[in-house]
Structures are given as C-alpha cells and as structure tokens.
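Both complexes below contain subunit A, partnered by subunit B and then by subunit C.
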Partner chain A sequence: MAMEKRLIKKGELAGIVGRIAGDMSLLAPVKEEDNVLFELVKDGVTALPDFKNTKNAPKSFFFPRSETLMRYIRKQKGMEFAGLEKDEQGERVLFGVRPCDARSFAILDLLFDQDKYKDPYYIEKRNKTTVVAMSCAKVPYATCFCTSVGGSPTSTDGSDVLLTDLGDEFLAEFLTDKGKGLLKYFGDKTADAQADKKKEEIAASAEKEIKTSIPAKEIKGFLDANFEHPFWDTIHKKCLACGTCTFMCPTCHCFDIQDEVKAADGKRVRNWDSCMFPLFTKETSGHNPRPSQKERWRQRFMHKFRYYVDMFGPIACVGCGRCVMSCPVNIDIRKIVADISKL
Partner chain B sequence: MQNPYVPIPVVVSKIITEVDTKDIKTFRLSFVNKEDEENFKYIPGQFAELSIFGKGESPIGIASSPTQKGYIEFTVQKAGQVTSFLHEMEEGTPMGVRGPLGNSWPLEFLEGKNIVVVGGGFAFTTLRSLINYMLHEDNRKRFGDITVIYGARNPGLLIYKDELEEWGKRKDLNLNVTVDKGDPSWKGREGFVPAVCKEVAPSSDNAVAVICGPPIMIRFTLPVFFDLKFSKENIITSLEMRMKCGIGKCGRCNVGHKYVCKDGPVFSLAELDNLTKEY
Partner chain C sequence: MENVEKKLQEEAKKLLADKKVDVVIGYERGTLPLTATPVFITDAGDAEKLVYDATCVQNLAKYAHDIISAHREAQKKVKPEDRKNKVVGVVARGCTTRSLVIQLQERQYDRESIVILGVPCDGYIDPKKFNLALDGEQAAEGSVNGDQIAVKTLAGEKKFALKDVLADNCITCRFNNPVISDVVIGDKAPAKAADKEYEKVDAFEKLSTEERWAYFTKEMSKCIRCYACRNACPSCYCKVCFVEQTMPQFVGTSAEQTDTQIFQLLRTFHMVGRCVDCGSCVSVCPMGVDLRNFLKKLDKDALELFEHRAGASMEDVPPLSTYRENDKEDFIYNP
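Up next is the complex of A and B:
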C-alpha cells in the first residue's frame, strides 16, 4: 500500500497543532528565555513556528533524567516492595523533532527494546508517543553532520510522521500506523508527484548545505585495530570531566540506580550517569579499569563509533552537534574523527 | 512485559560465617513464592543482583548449585554500602534478588573432559557451584577427572570448610587445598596456588582449566597452564566490573563491545584476546 501523504497550507499548521494539543498531550519546541525546549503546548504556551533545534535532546521523554522505577514501604522486618510507578500520561505527540533526534530514538530502541531484556519504562513511553518530525529544509547549524553518520536532513528513522517545508505548503508523510492515527488532523489534500519532486529537490539542497563531512564510518577499521595508540593520549588533555557532552547527547543512555529512602518508605530511581565521571566504573575495592580521563574519553568515543556498531549496527551518534556546541573547553568530536582518519 | 528491574522476594533463611575475620558470610535465601523458585533456573557461573530496598543492589555470584533445591546461596564479602548491610542482617529478614543473570560456566563444552578448577580467596563461590554440580550423582559421569586447587592466605580464610572436608573424602575428586601460610593446627598443604597447580595439574589432553581468583593469582597461574600446553580456548575465567542494571542497559560494565553482565561474566582466554584489555 502506498504511503499516505497530505499537503497542508503553511498557515494551517498552527491550527493543526492546536487541535491535536486539544485532544492529547502535545510537546513542541517552545521559547524559554533564550533557549528552545520541548514543552507541553497549552493555553499560553505556543509552539514556535520556526526554530533551529531544541537545546536539550528529546530522549528525556522516553528516558527521563531521573525516573522512579519502583516504590517500597517499611514493614516490620524491613522495606518491602510497594508497587511500580504508574506512567500517568496518556497518548502523546512529540511534534517538531528534528530528523537527527528522531534517529536517536531508533538507535536507543536497539538497546532498550532488545530480544533478551526489555526495558518496560522506556518501551511504554515510546509506545504511547507519536513522533512527528520536521525535516531540516534549511540546515540549522554549522555544526550539523548527520549525513556523515547515516542520517540526513529528511531522514525518516524513528519518526511516525515527517513534515517537510515545501515553501508555501508542508508535505506530511505518514510513515507508520501510529503516524496514521493523526491523519484526520491533516485535511484531505493528498500529495501529488509534483510535491514528491519538490521534496526531493529540497532534500538534495539541504544535504548540500551541510558544511561538515567527516569519515565517521571509515575510521572503524582504525578503531578496531588501535585500542592502544598514542592518539588516545591527546583528546582528553583539556577535558574537565563535567559530563555535559553525555547529558546533551541524544544517544547517550548510561544510567545509575539509586535508592532514595525516608523513614517509612522510599523509591528506587534511575538517574542519568556519565562515562566521563571517574566514579562510573570505580569498584568498591578502589580498582578502576578506567583510571584516568584518557580511558574515559576513549570509552565515549569507542562506544559511539566502534562498540555500538558491533553490537547493533548503527553509529551511536546522530550528528546533532550538541556536544560540540556545549563543551566548555571546545572539544569537538568532528575534529577527533577527522584527526583519526589522518593517522 | 516482564520487568527485569523488580526483585524477586526472598527471605534470608540461614547465615553462615565463613572465615575467622567474620567479613565473609554465606547467605541462604529462600523464595517467598513457590513459582518464583521454580522459575529461577540457573546454571553454575551465573550471578544475581542482591537487592535491599533502601540500600541498593550488588551483583554476587550464585554459590549454590542448581542441584540443591529449595534455596539459593551467595557468599559475600563485606565491602561497601549493600554488602555491609547484608552482613548486619538476621535470619528471617526479607530482601530481594534479581536474576539469574549473565552467561555461565560452559557446561556443554566441559562435558566429557577432564576439569581443573583453580580458585583463590573468596572468588571460589561460583567454582563451588560448578564443583557441586559436577559431583552430583546425576552429572558426575558426564565429566572426566576433576582436579580442584583452592588456596587462601591462611587456614582461617578458607571458605566452605565443611564441604572441603566432605570433598576430601571422595575418590572421584582430586582435591588440593593450600594456604600461603599455615598455623600450628594446619595439617594441609602450604604454598601458593600457582606452585600447587604446577605440581598437580593434569596434562592438557582433553582438559579444561576453570580459573577464578584475585588478579595476582591469575597472573602467576596462567603461565603454568600455558607451559602445560593448555590452549586459550581451554582456559576459562570470570570477569568482574562495576555493575548496576545487570542486563546490558546502564552502560557501565562493558569490555569492548561485550557487557560483562549480559554477555559474561564467563569468558575463555581466547575470547578475552578479542576484547579490549580494560577490566
């Protein structure tokens, strides 16, 4: 069956967003001080008609910064299980996700939704959420490099609906059954071959606009062969081990599990953690298999460009550039890839 | 969907203090629900997360053998937050367990072969599980000669003393217990594990060595087996990395592209050669 496509007038989009937001929770890019963040659209909070990308990666809607896994309560002889935390939110729509960030969902699915161990917290939220992505008809940042890591400004990976700005109109492509659930909001103007052609042109010109091209796939052979190499002694030198890069990253998924306990009850929570922190792998005995920032940086890099590829296929970087923009000491993952390719 | 983060309710049914220094205890846990007991199917070499609400979780090797029915056992050294709390517990206290987790000693691969088990210190736990499994009357004939070399710093630090005595009486097991330094009442062997291995290890013909112990013991024991021409495929060990989730999600315990919690903790030396040296 051919894919359902609709054309909507530019001016209609705000109304569509409003109607969906009236029926279910809808999160969209909203201006918050000088940042753009995903927020619940409601009275007084409107989705931005035009934006580059959100400051934070939207992974937090499936894998929150801090999440209660279960609760327990004090009984006579100690704490006993008192139930899971119910996800009170119903169906929701993440509206205006950039294709790189949507791809991060597809990449994280491989980990959280594996055959053997399924992560029910992540999967439940993922199942309840329809992802409406917005193509980058204009490439937002000079730091973008999605095309080097398997994505593109019009990539559909991880999205249920893809919107593309064709100039006067938006093309809406309904990619999954979940996406088709939103068809009724988009009117009945089906897209014609001309719209498809226009989209292809826009996709091609957007790809050309991307300034950075790095051989991210090509360095795999070097990484496989050079766990030990003098190069690893260079990257981390100015790193502050602040963890910002991992918290901003849409594909970083490492977490810690902690108990938060009061006198009568408590909860077990998981919190984002970071391979950039010395304590991450430190054992009680004091032994640390990654004793310095050198090993930690190598781990972060190898995890993205070698281990994740071996484990699941794709590179665990979507080229969003967030780590490049937010590192306080300007460590640039693109430059590391480029430098390695010259070794 | 099953929730792999929720612990199975158990009760501490027996606590055995193993060593003179009192910082290693064996905890026998009994399942609160019969069906949980039936579903907890494990193989020697696997581990579980011992879970105490309000304190946290610790990955600990399963020290009992699946041939022992009705309970599971863990031998725990007092170390930090969770293990110290465990050591304060009394029999009858409820707690939780998540597992079984990880791969296991490669039982099918071991079948029909002569087995040398080498253990040092309290890392003997999952080796004890393996030995009891192999010695069980349903299983003994599926394995060839069994040689066990087990060492501790001094006699007071040997764990499973009653069992060692029982094993010592058996004809179908060559047991060699050694201490670095004896005391006046010690009648057994004195000497380091590698030296004892050199003396008693069988030929590498159709033999597999299963080795687990402190890094220093491993470092000096491996050359003994290399000299005996044991191939790297036939030397098996178990790794330890800091863990949290135990199910390959939290990203903490990887060695190269393998998660020790999910793909390990058991690896052959040949497999370790293909991984990064970071453990």
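Up next is the complex of A and C:
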C-alpha cells in the first residue's frame, strides 16, 4: 500500500497543532526564557512556528531524567512491595522533532526494546507517543553533522510522521500506523508527484548545506585495536568532569538506580547518570576501574563509536551537535573523530 | 590585547625553555568561532598556540589547583628521594589571580608551585549574551575588530558592539588587573564600572522574602545537576563533594527540587568570602541558571560584615578563618 501523504498550507499548521493539543498532550519546541525547550503546549504556551532545534534532547519523554520504577512500604520487619509505577498519561504527540533527534529514538529502541531485554517503562511511553518530525529544509546549525553518522536532514528513522517545508506548503508523510492516527487533522489534499519531486530536491540541497563532514565510520578499526593508545591522554585534560555533554546528548542513556525513603514510604528511582562523573563506576569496595577522566572519556567515545556499533549496528551519535555547542571547555567530538582518523 | 598575546607567548616560551615551569596553563583557539579553550603547554615550541583576548572565559586557577593536587597524589607513590617538584605557570587576569590568592591562603600548595603570568583584562564575551545577540542563529564565522564583533551565520551577517556581550561580572569588575603576579604582561587595563557592582543585589534585597524565594526556586528549577558550575569553580575543590558522598548519602540524585536546592544552597554558602565573581560557573551552565545573583549577595555580606573582598590580597585574612571581638553578631537568632 502506498504511503499516505498530505499537503497543507503553511498557515494551517498552527491550527493543526492547536487541534491535536486540544485532543491529547502535545509537546513541541517552546520558548522558555532564553532557551527553546520541548514542553507541553497548553493555554498560554504556544509551539514556536520557526525554530532551529531545542536545547534539551527529547529523549527525556521516554527516558526521563528521574523516573520512579516501583514503590514499597517499610514495615516493622522488612519491606512490603507496593506496586510498579504506572504511566498515568494518555496518548501524546511529540511535535516538531528534528530528524536527528527522531533517529535517536530509533537508536535507543535497539537497547531498551531488544529481544533479550525489554524495558517496560520506556516501551510504554514510546508506544503511547506519536513522533511528528520536521525535516531540516534549512540546515539549522553550522555544527550539524547528521550525514556523517548515518542520518540526513530528511531522515525518517524513529518518526511516525515527517513534515517537510516545501515553501508555501508542508508535505506530511505518514510513515507508520501510529502516524496515520493523526491523518484526520491534516485535511484531505493528497500529495502529488510534483510534491514528491520538490521534496527530493529540498532533501538533496539540505544535505549539501551540511558544512561538517567527519570520518565517523572510518575510525572503527582504530577503536577496535587501540583500547590503549597515547591518544587517549590528549582529550580529557581540560574536561571539567561535568555531565553537560551526556545530559544534552539525545542518545546517552546510562542510568543509576537508587532507593529513596521518606518515613515508611520507599520508592525505587532511575536517574540519569553520566560516565563523566567520578562516581559513575565506583564500586562498593571503593575501587574505581575508571580512576581518571582519561578512562571516562575513552568510555564515552568508545561507547558511541565502537561498542554500540558492535552491539546494535548504528553509531550512538546522531550529529545534532548539542555536545559541541554546550561543552563549557570546547571538547569537540568532531575534532576527536577527525584526530583519530589521522592516526 | 594583541601585544599582550605576543608578549605572553614569549614569556611562556622563555619559562618553558629555561625549565622554570613544567607546564603553562593558558588559552588556545577553540573549534567554534570566537571561542578559546584551556590548553596545557609543556613544550616551548607550542607556546605560540597561546591566545589572549575577549574570547578567553574560564578561570584557569581551577586547573592550577587540579594539576598540583594530582601531582602531589601521584608523588605519594614515589620513593621520597625520587620525588619531583612540579611548577605550574598560569595565565591569570584579575579574577584568576584572586582565586590563586584564595588557594594559597587556604594552603592548597606553596607559592613556589606556581608562576603567575599576570595579564590585564577588558572583560570576556559572555557565551549566553553572545548567543542572544545572534537571535537563535549560530555563528559560523566571527571576528572581533576593536570594539565591534562581526559574525557570519547561516542566515547572513551580523555586527554588534563588544561591550553589549561582555559578561555582567566583567562590566562591573573591580579587579580587572592582577592582584599578584610573577611576570607582568602588558599595560594596566582601564577601570570598569565597579561602583555598580552590587546594583542588582541591592534591587534583589529590596524584594519581599516570598519574592526572593520565588526567584530562587524558579532559577533552581532549571538546574539539571550536571555540576558544571561546581567543577568550573576554582574555590570548589573538595576532594569529594557532599552531594557525592554515599556513606551516608546526604542528598538525593533525583530531580527532586529540594535536593537541587540543597546542592545549590550549600555550594553558595561555601563561597562566603571565597567567590571572586569570575563568572565561570555562570558561563558553563548549560541551562542559564542565574547563580551570580546569590553569590554576589554573599559577597556583599562578606564586605559589609567583615570588610572583606575575596582574594584581594595575600595579607587579608579570610573572614571565616579568623575571629575578631568586634565581629558583627546581630544576625544570630535571639529568641
């Protein structure tokens, strides 16, 4: 069956967003003080009509910064299980996700929703969410490098609907059954071959506009062979050991599980962790197999460009450039890749 | 500042060539337009990598402390007769020298362990103000020409005045020349508007308790606990921060607001008489939390209660390390 496609006039988009937001939770890029953030659209909070990308990665809607897994009650003797945490929210829509960030969902699915291990918390949120992505008809940033890591400005990976700005109109492509659930909001003007052609042209020109190209796929051989190498001494010296890069990253997904107890009420929570933190792999004995920032940086880099590739196929980087823009001391992952390729 | 940069390179080269220092901590060009990044020069031939201008943001005293402590730790594993000294050269403007003074006063290392390359400062570009001036666009190229900044973005070209994007702490800086130096580089920088230093704090103090608390909770709700502020701070050098202690654990690591507030409150209170207003914590914060307002309030308290300006001179005694009979105590709760 051919893919459902619709054309909508530019001016109609805000109305569509409003109607969806009236029927279910809709999260979209919103201006919050000086930042553009993904937030719930409601009275007084409107989706930005035009934006580059959000400061925060939308992974937090499937893998929140802090999430309760289960609750228990402390009794005279031991603990009593008080139930798994349920996701109380209904259907929701993530609107205006950039293709790189949508790809991060596809990449995270490989880990959280794999054959031998299924994460019910992640999967439930993922199933309840329809991802409406917005192609990068104009490349947002000079630091963008999605095409170097397997993505593109019009990639459909991880999206249910893909919108592309054709100039006067948006082309809406309904990629999945979940995406088709939103068809009724998009009117009935079906897309013709001319719209497809125009989209292809836009996709090709956007890809050419990407300024950064790094040999991300060509360094795997070096990484496989060089767990020990003097190069690993050169990245970390100025690193502040903060968690900015990992917290901003759409694919970083390491977590820490803790029990929190207030009087008799206990809960088990899963919080974001960061391989940049000294506590990350510290063992109960006090020993830490990654004693310095050198080993921590090697881990972060290897995880993205070697281990994830070995385990699941894709590089665990979507080229959004958030870490490049946010690192307080300008540790630039593009430069690390380029430097390694020269070794 | 061009001459300063050249002179700085020469002095660093000389210090390294003469083996007066083992490393020079300075700034080199960053990979993004109009940025500089910390660099550690160990080879005299690399001294020309050093840059010095309004793009140099971080307070390098943090690295001086970290390098010396790491060296000292490593030396513990070496036989006493084989132990070596390490001397660290630091490119230091006013605020950096004040941080070095604090570290020296707090006996973090000996005076002989550091060589201070004192540089004048006209202020640095606040990354957040710079981004706001670009109105959502990202700089693809950029240059500073005198007091003007020219930037090329993917959407076109933009020009604006350098003074409009200087960090708040630089605009009202009282110590934009080194307070302590071993090698003085360049002429003194002209004074800044130091008399307006506490303008914002004065206004904040006039708000009601509820309004101040509301502002505090709003700002702290942005915090994602990445700890960039703490890690960038030259005065935050505890080996294990209280938020990372696990036996027992004092503070939760969830997104619980009170935990975040406790972390920030305690960090702020640890800064009484120790914050030099270098702005590093503010510049590194990815979420734009207004940390400065609260730090500046405590700075003002230290001045008013103890006539103390943090790190202003080696002779000043830090307020929390001493006792005077006439110390004010009217803030102590009296039931």
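Quick note on the criterion: the second predicted complex is superposed on the first by the 343 of 343 C-alpha atoms of A that agree within 3 Å, B and C clash if a C-alpha of one lies under 4 Å from a C-alpha of the other, contacts with A are read in each partner's own complex, and residues count from 1 in each chain.
The rule is short, and it goes like this: a contact is a pair of C-beta atoms (placed from the backbone, for glycine too) under 8 Å apart; a residue touches a chain by one contact, two chains touch by 3 or more.
These figures come from a predicted structure and were not determined experimentally.
Shared-chain residue A:Pro289: touches subunit B; no touch with subunit C. Once chain A of one complex is fitted onto chain A of the other, the partner contacts of A:Gln258 extend to both subunit B and subunit C.
Of the two partner chains placed by the overlay, neither subunit B nor subunit C lies in contact with A:Lys42. In the superposition on chain A, A:Phe247 contacts subunit C only, with no contact to subunit B. In the superposed model, A:Arg19 lies in contact with neither subunit B nor subunit C.
Of the two partner chains, subunit B is the only one touched by A:Gly78; subunit C is not. In the superposition on the C-alpha atoms of chain A, the part of subunit A touched by subunit B in one complex and by subunit C in the other spans residues 256, 258. Subunit A contributes residues 69-70, 72, 75, 77-81, 84, 111-112, 114, 116-121, 123, 227, 253-259, 261, 266, 268, 270, 273, 275, 280-285, 289-290, 295, 299, 302-303, 306-308, 310-311 to its touches with subunit B in the complex. Taken in their complex, subunit C has these residues touching subunit A: 30-32, 35-40, 58, 62-63, 128, 131-132, 136-140, 153-154, 224-228, 230-232, 244, 246, 252-256, 283-284, 286-288.
Only residues 33-36, 51-52, 55, 64-66, 138-143, 209, 211, 237-238, 240-244, 247-248, 256, 258, 260, 269, 271, 274, 277-279, 324-326, 328-332, 334-335 of subunit A touch subunit C when the two sit together in their complex. Touching subunit A in their complex are the following residues of subunit B: 1-7, 9, 52-57, 79-80, 83, 92-96, 240-242, 244-245, 247-254, 256-257, 262, 276-279.
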